[in-house]
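Worksheet for the structure shown next.
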Amino acid sequence: MALKTEHMVLNMGPQHPSTHGVLRLELEIEGELVNKVTPHLGYLHRCFEKHAEAMQYNQVVPYTDRLDYLASIGNNFGYALAVEKLMGIQVPERVEYIRVIMAELQRIASHLVAIGSNGADIGALTPFLYLFRDREHILSIIEETCGARMLYNYIWIGGLSHDIHPDFVRKTKEFVNYFKPTIVELDNLLSFNKIFIERTANIGILPVDTAINFGASGPTLRGSGIKFDLRRDDPYSIYDRFDFEIPVGKGLMGTVGDCWDRYNVRIREMEQSLRIIEQAVDNIPEGDVQSAIPKRIKPPKGTVYKRVENPRGELGYFIISDGTVNPFRVKVRAPSFVNLEVLGELCKGNLVADIIAILGSIDIVLGEVDR
Amino acid sequence: MYQYFYDLTGNTIIATLIVAVFPLVNVLLVALIGVYLERKVSAWIQDRIGPNRTGPLGLFQTVADFLKMLQKEDATSTEIDSKLYNIAPVLVFTGSFAAYAAIPFSSKLIGSEADVGIFYVLAISSLVVGGILMAGWASNNKYSMLGAMRSAAQIISYEIPTAIIVLSIVMFTGTLSLDKISDMQTASFWNWNIFGGAELGLTKFLMIPFMFIGFLIIFISTLAEVNRTPFDIPEAESELVAGYFTEYCGMKWAMFMLSEYGNMFAVSAIVSILFFGGYHSPIGYLGNSIGVEWLIPFEQAFWFLAKGWFFILVQMWLRWTLPRLRVDQLMSLCWKYLIPYAFVNLIIIGIISLL
Amino acid sequence: MKSAEEIFDILKKKFGDAVLSLDKDTPVEQIISIDPLKINLISKYLRENPELQFDSLMCLSGVDDANGIKVKDAEGNEIIEGGTLSVYYNLHSVSLKHKITLKVSTPRNDPQIESLEKIWKSANWHEREAFDLIGIKFLNHPDLRRILMPYDWDEFTEEISRHPLRKDYKNPEFYQGMKVPY
Amino acid sequence: MGLLDKEFSDGNIVIAKVDDLFNWARLSSVWQLGFGLACCAIEMMATSMSHYDFDRFGVIPRNTPRQADAIIISGTVTLKMALRIKRLYEQMPDPKYIISMGSCANCGGPYWEHGYHVLKGIDRVIPVDVYVPGCPPRPEALLEGLLKLQEKIRNESLRKKSA
């Protein structure tokens, strides 16, 4: 006679150290083995889309900061590009250059937190602190420019809120020189640590076709080995002028598309961001950063979908304009929201300890998932 | 030890009290200094400063923590099994505290000069498992339960390689008494077991590599037995919130903490007794050279504590550097690697000792 | 790479009446309107046709068109009656690198659209979100629950405050004893 | 345990000294419940990191409410989350403190007007000891908030409160 068994339901979150905020996972476990993962969202639903409908176009920018709060500039960037496309604004060269440098600095800052918290989830707390220390350098560069540490409201429709500081170029170069050896140090400390590899290689394998079908993007998609980066494949701003590579998961430590690959893609992406910054920072043309900002933002009737490559993937803004000063509808296609959906697929049949490794490697920000 | 203090004071009661209280004081001190050091060491490793507001250099931080925990409400869930819930921390603490009875701090400072010292320590420290299981079960919390299960599996598995290595030392020295094992490694660090023991000859040199292997195995497995990173899966913060003591607060939780640090020192002490000469100085005694006989036990205690603290620092260093293993990897490390190597090591040491 | 006109022609030839129109007026995006109950067939074709290969659903947005008549209900709240709710699909082909926007409109009083969950998995949560915030029912969706708002939102609120992104949404006074307005 | 719930009627010198000692202990080891809600959580984490080092003040994050002394409400509290926060608060043993960090937790912040799912101020659900303004507050501001909390704890007493 077979024994009747019952699965234990374990609630992970919303208050749990490794759910990166207020995600709640409902795990059905059998001993330590996870049979099913059901994510429950909405613990940080801040009604962005309702606010966007009630605000004027330029007033929405600060709210976009708070979507993916680790990559605020990327959010501003996407929104500004979308409205500019709708209105047909051409921004000055100087603005484009500064935007790209800032976005890449922000990408590094964001990846630092992502990598660090992935390590911290697996138990390596110290690299997390090191990476936060390095992040402070980036924050201080941006703070000197626009006065805020995290939520900048920096990229405006048609321009920027502030011109760069006279010291900006020197400090950015200093940072690039400081940061290059740090990546090597990080590799030695964490990436090629035997235990870390054991914990992440061959765990949570995401095949390419599943990833595409689930709409995954960013490092989550590239970790599966496909070279798809909006900066290259659907170029926006001036990214087509720079020479950089798109790192993809190659399965160095296990299978293509495992957690280690996704982790590694982020590190290699930071190197490429440094390359872009190096190329851009020497060529910033002179000019006024606010000359193209329209006096009154009133786009014509129409719809636009504009997407940019945020650190976490494809950030898209779908804007419907009804010809008034308020947007009729703003929908955010948040990369974390879409990437998180893969979690249920990846976690089947793994152990409880793997769930957090997988979740860390997908790298979600709840502000963006719940909006 | 009792005799020593009886001679010193001439009173049975005082002598007994001193003998009984000394390990307790030591455990408390170890926890007090250990927690402070842990925070400072982690701060230094992580490019921080660490506690520095409470007293000079933040030295009273742990005192403040302890006093605060005394004041905390004893909040419990209504669904707990209160008997087991209340016994568990006491049992865990007893397990780690009782081990101190047989540990020789110096040639005079030893609770019980039992002939089966090492056997006693191995046996009594298993009491901890019972306490942890009780804590996990009685808390009526799924995280506690998972943590307790992991912990039980882990501690029981890792006792095997520990025991095998202890066995090989026992075979080599021919005694179970911790006191005698220490005494065999006297005079110079060259006589320590890790360097093949005191007897000169071919066997000593043959022994060295296998003693090193033995030391590594016992260090790893004792690390696992006291639930330290990279083997801290029972209380894995990012997975199980706080493992088996998730539901404990205030002083009851402090007892778990005390026993953790107590255990850390205990296993460090065992490792240093088995392989690093116990309380014996590596370079000879000042007391001998200047002819002050009574100084020697104090010097021995100093060396013993120094060795113990050295290993605690190594444990902390590992904790703040390495990631954590997964539960199945932990088991496979034990059963597939440590135990077979320990067995082979045991046989080879046995053969060499026969030579 | 195919333009919106070419894709529209292909679809029109294949599906006839189910493909309603191509909206060319908008300055940026060109939108193909489609019958809400045929969207699953057309999407399947779009994904599987080797010339189109729309293997990725980038975005799915539910919109309250607010094109009905504004009336006052019994309690004096202004509500919208009649008109439509719409869903916009932004499709993208990773291999062929072309994009297209589809639109379906469904009556406001009984909004029903075929689910695309079987075709693109990413539609699952987006559709739940459109259900949650706009109130569009997706037929044949495996798990159509609220996603962002609390599961018991309906129990504590009036009819008018069910779906926050509708244009006639009104805040409830209390939810589980907590005051909602400022 | 939980001495603060026992009140003494007359404030003699012994009580006063014990007060001072216990208050010192409590204010020197404020262990925070480690959980972040939104943007402010990142600044809260930054406060614990190398640059600002919360540990200097004896603050370490504990993951279980049972072992924590203070919650730092770091970010927007939604209606869905408010109930959970209330439960966490109730699970903490006395004496317990709340620091409300950031505009969202103080009053709803930028979401005060149209935030249909945002609780406008965590003080509608649990009592708050210290409010730290800012969106998000800089780590220095949070440190200041902690100092204010310490000031508050320093003035607590075992004595019965008189009118």
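Which chain is which? They are A, B, C and D, in the order written, and residues in each are numbered from 1.
Everything below uses one rule, namely that a residue touches a chain if its C-beta (ideal position, glycine included) is under 8 Å from a C-beta of that chain, and two chains touch if they have at least 3 such contacts.
The model shown is predicted, which means the values in this text are computed figures rather than measured ones.
Taking each chain's centre as the mean of its C-alpha atoms, the one that lies farthest from the centre of subunit B is C. One inter-chain figure worth recording: subunit A and subunit C are separated by 26 Å, centre to centre, where each centre is the mean of the chain's CA atoms. Look at where the CA atoms of subunit B average out and do the same for subunit C: the two points lie 63 Å apart.
Put simply, the C-alpha centre of subunit A and that of subunit D have 30 angstrom between them. As a whole-number value, the distance joining the C-alpha centres of subunit A and subunit B reads 45 Å. Looking at subunit C, one finds that residues 148-150, 164, 169 touch two or more other chains. Along subunit B, residues 46-48, 237, 241 each make contact with two or more other chains. Among the residues of subunit A, those touching two or more other chains are numbered 16-17, 42, 45, 47, 50, 129-130, 133, 370. Pairs of chains in mutual contact: A-B, A-C, A-D, B-D, C-D. Across the interface of their complex, subunit B is touched by residues 8, 10, 16-18, 32, 119-126, 129-130, 133, 189-190, 193, 195-196, 198-199, 351-354, 356 of subunit A. Remark: subunit D residues 33-39, 41-43, 45-46, 49-51, 63, 65, 75-76, 78, 80-81, 84, 88, 110-111, 113-118, 135-136, 138 touch subunit A in the complex. Touching subunit D in their complex are the following residues of subunit C: 148-150, 161, 164, 169, 171, 175-176, 178-182. Every residue of subunit B that touches subunit A in the complex is listed here, in rising order: 42, 45-48, 142-143, 146, 150, 229-230, 232-233, 236-241, 320-329.
Residues 39, 43, 46-54, 58, 60-61, 63-68, 70-75, 237, 241-242, 246-251, 253 of subunit B are the ones that touch subunit D when the two sit in their complex.
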